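Naming follows writing order (A, B, C and D), and every chain is counted from residue 1.
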Amino acid sequence: MWLRRVGAMALTLLVTSFLVFSSLYLAPGDPVAFLVKGRSPSPDQLAAIRHEYGFDKPFPVRYWDWLTGMLHGDFGQSYQLHASVASVIGSRLPSTLLLVGLSTVLIVVFGVGLGIFGALRKGKGVVVLVTVGAAVPSFTAAIVLRSVFGVRLGWFPTVGTGSGFGDELHHMVLPAVALTITFMALVTRVTRASMLEELGREHVEVVTSRGLSRSTVIRRHVLRNALGPVVTVSGLLISGLLVSTAIVESAFGMNGVGSLLVTSVDHMDFPVVQAIVLLVVATFVVVNTVVDLVYPLIDPRVRAA
Amino acid sequence: MSTPLLDVTGLCKTYGTNVAVSDLSFTLPAGGSLGLVGESGSGKTTTARMLIGLERPDRGQILVKGEPLAAASRLARAKAVQIVFQDPYLSLDPRLTIRAALDDVLRLHRHPDRAARVTELLDQVGLGAREAAAKPRGLSGGQRQRAAIARALAVEPDVLVLDEAVSALDVSIQAQVLNVLADIRRETGIGIVFVSHDLAVVRYLCDEALVLHRGVVVERGAIEALLTDPQDPYTRLLISSVPHAGWSPEEISEQRRALQQRS
Amino acid sequence: MNTLLDIKGLTVAMAGLGRPILDEVSLAVHDGEAVALVGESGSGKSVTARTALGLFPGGATVSGSVVVGGTEVVAAGPGDLRRVRTSVASMIFQDPRAGVNPVRRIGDFLTEPLRRIQGRSKAEATAQALELLGAVGMPDPPRHLRQFPHELSGGMLQRVMIAYALTADPRLLLCDEPTTALDVTTQAEIMAILGRLRRDRGLGILLITHDLDLAASVCDRVYVMYAGRIMEAAPSAALTSVPRHPYTRGLLGSAPPLTGPMPRLAPIPGAPLGLAEAVSGCPFAARCAHVVPGLCDATTPTLERHGDSQVACLRAAELIDETQGEGLR
Amino acid sequence: MSTATVSHPRLQSRLGGWAARLGRLTWPVRICAVLLVLVGLGAVFAPWLEPYDPTDGDLSNTLVAMSGAHWLGTDAGGHDTFSQLLAGGRTSLLGPLGVVLFSTVFGALVGLFSAWRGGWVDALIGRVLDVMFAFPSLLLAILAVALFGKGLGAPVVAMAIAYMPYTARLVRSLTAQEKTRPYIAAYRVQGHSPAFIALRRLLPAVGPTILAQSTVNFGYALLDLAALSFLGLGVQPPTPDWGAMINQSQAAVLEGQPLSAVLPAVLVVVVVVAVTVIGEHFGDRLAGREAKA
């Protein structure tokens, strides 16, 4: 069971990496011309690219070299930044991870909390909040937060990444909130629906009729059972968050992986784009595998199936 | 000796390691009515599904009027065997009115006078114009089951399989539907295979019965003989499990335990 | 004799329905007595049983009285309800598969109320759970404690549900179609367990079922319900030998017999009354063979004593003479 | 003539059915429907409604407040905001429409095929969809831009591909569930062909739920495409687009002139809320009908 899941994960990673690698060949025209589009490379540089990408070798060999390079942390060279892709991404990763981490905490705490609240209280307040929340684009939230809490009230910095952990965190608050809203709405919606479904189940009526207190019933028989769907969306959530950092980091002028993705697309720095895409996709695959492995702990019926 | 209406020989079906039906054989004479009696896991529903071609037997043969069912074309098979399922709430297409559902079958089989046949069918199962124009949602459980019977009868099949067709109904409704079925049997001479766990209901509708236990026939014979003088201990257990005056569940439990220990 | 459950004039109604869900229902279960409540779908039999635990349909208006073990549960506070649910009455539900939390082990399920309500230590609770599993005839209690619900058959799970109900050490067991989802031979086992509990522990039992034969064979008294009203109440023997209400007679005539002569069934025409349909007079009037227009659809009959039985039929007296005269049933 | 007399009452009863259905809608759904129709009409008739050329910046009139000449003011480039909103509606709504149409049609076919065939075909399609799920829609759109250049075309195709597995999986599970129902088995027993049952009976049975989900997906696609334009990777100025408008007006917001950014943002939110409310309303209604049946 455990081995099969991990094997499936390896296979999925292999297939996705192949798709990301071969996407280069989807671009119209000669791949080398595509890679140097917008620049005027010297013949030496062209030769270097040819060699680095191994265009002199057959396609499967090229893929194999690329893949093994990846596994050794060699993601190729960035044209725009004249450095290795690994170092370019590596230097920006901590700030993005902090942003995503902070946002995840906010999403789990407030998303799940609001979902539970919305399921236990009558009234449509939470539903309205969720519907509107899910419809507010993160870039809109970013602009509003910047102009209100940054410019008008001056509570938070409006731009940049900051230096030192405290300052970084301070810089991170508004972006994290902007990033959180949409996803929090999603988690709230899933939690609420799942809770309501469990609340209506007969086993809940059974323990209620046996005289267990409402708080025990909800804690031990509703919440626990309602967890499944919430955990299931977490893979989607993490990869969605990673991609959305592109929007938020751009809106707040932060130096992260997301904004790097955007500028790399802008400057046609394809190796960087490829590496970031692969990173996000791999994160999704890994998180989903972990969810699959953890799921039987939440619902023992899965183990039997 | 004429060929029997339905001739089943050596039917086997296994799911993984679980033997659902093992070496089942029986024949149904023209106009006959056979009960397949058993509890859950007895293989009775699997047998019903094999009879209508929804499951393929691992081994064995089903002949209808001497012709192998497996070799028949789709439409020919439909005219050989039809079925009424247990759950009246799920066995009708929720999007079609009863009239449209009946018309649909008749059109498929190129019936020359569909409107007249629909009226005839509705009449046969005791449904009126209001029910004909309604979708299943607008009908009671009993009415839906009547409609399902009409749909099965539409193409005048040789054999009608009833898979627990009255067990989901309320007692008073069940009796109505049983009478409808008894009348149809008398009027059309259709062959009936009645799959049920309820011995009394089988007695009402069938001449003969097979008792199935874990995929194996443990007893067969005329229903009255089977009920009055059961030979197999499992048959005896089934009969005594039916509540009646002076019923002793304790004794039956012991009987059941003894039977389980033996096997 | 001590009355465990005493329902008097209970009416449960909800806005938007054509008729009340329960209409003037009165019913009693005494210590150590087995009483059946029989009816078809929509008769209100399950709703009636649930009211004994203070479980009323959401948004319903309730009038009348439901006294359980001396406590009034209609409009009772949380304390009273808790007392009834934790020490007087317990319920067994129709579908054991749906009734046990699928993600918890059987042991956890059984010891939870013992520890959280009865205040036992973990060791005491486990010991008692083992004992209860043995009492309901589970073959290997220590192993079952570690199992998850999906690892047990329906019949085994229903025993677990009975054991769960017994954790309250109740005096009244409410059984809502406890064998409908099970096989016939399993039904006998569950009934045997319930019979033994009744004998050994002096439990009062209210059995909700659609099966009149089952009710009459295991219970002392039977109430027959139709469209939210009690139609007939009688000792089991009297009900089956001299059914007095046309509906009871119709029910008995609807079930084909297993032995003896097999006449054509005489089913009750029409279908049970839906909740959306309005009633005036006797709710059974529309399906009754003995209906008298102007009488039955105008006056609502109340339960009247006839012999050993109580019957809610305006023509009960004449009909009894008639049947006796004709020698029916 | 006879056909007319036959079809007329049928048409009338259908219209009556529609009217009855409208009458059953709750107020929020009605309001959302009206808003959606208004926005849609504005987008369709934009060329006739817009008072100024939306692509024509008047640099002598930048960041003008609401006035008689410019009803909703102008942006930093001197474009008339009202005209831009109308014209921007065309690109902003057309993109998601393309995404939803493509992903719904292909997703439905893939899902239906997968569930109907079952067995190894189903398993294989499931694995392929699993791989596709690993690519979030916005990421795939960005990759498409990197490969094929900025604009609306490549991202719309990429997102349609990214949305497809969601529809496919929904249709697959709905169909697989519906397929186990006895009424479908009854169709087989009656002798109907598999293709007939799948396309004429199963697909219409699950169709309304797919439509409800696709309506909600429209909102998500709108958000994604607006984000892309905001990042400067989607629709390129001077072609008007709501996301691009917000991007262009960022600086103005920080200078205390939020109108030209707030209005397109409000439109995005309104449209997304409206399609979500409508989609979920019908989704819930279908689920409720299912529960009752």
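In the analysis below, contacts are C-beta pairs under 8 Å (C-beta built on N, C-alpha and C of every residue); 3 or more make two chains touch, one makes a residue touch a chain.
The chain list, named the UniProt way, goes like this: B, C = ABC transporter ATP-binding protein; D = ABC transporter permease.
Keep in mind the model is a prediction, meaning the values are calculated, not measured.
The interface holding more C-beta pairs in contact, when B-D is weighed against A-D, is A-D. Relative to the centroid of all protein Cα atoms, the closest per-chain Cα centroid is that of D. Inter-chain centre distance (chain B to chain D (ABC transporter permease), centres taken as mean C-alpha positions): 48 Å. Averaging C-alpha coordinates per chain places the centre of chain A 23 Å away from that of chain D (ABC transporter permease). A straight line joining the Cα centres of chain A and chain B is 55 Å long.
Judged by the touch criterion defined above, the protein chains form a single closed ring in which each chain touches exactly two others.
Chains touching one another form the pairs A-C, A-D, B-C, B-D. For chain D (ABC transporter permease) in complex with chain A, the residues that touch the partner chain are 130-131, 133-136, 138-139, 142-143, 145-148, 219, 223, 226-227, 230-233, 243, 246-247, 250, 253-254, 256, 258, 261, 265, 268-269, 272-273, 276-277, 280. Taken in their complex, chain C has these residues touching chain A: 50, 53, 55, 81-82, 84-86, 90-91, 93, 95, 98-104, 112-113, 116-117, 148, 150-151, 161, 164-165, 167-168. Interface residues of chain B facing chain C in the complex, by the touch rule stated above, are 39-40, 140, 142-143, 170-176, 178-179, 182, 197-201, 203-204, 227-228, 237-247, 249-250, 252-253, 256. Put simply, chain D (ABC transporter permease) touches chain B in their complex at residues 181-183, 185-193, 201, 204-205, 289, 292-293. Interface residues of chain C, counted against chain B in their complex, comprise 40-41, 183-185, 187-189, 191-192, 195-196, 210-214, 216-218, 237, 240, 250-251, 253-259, 262, 264-269, 271-272, 287.
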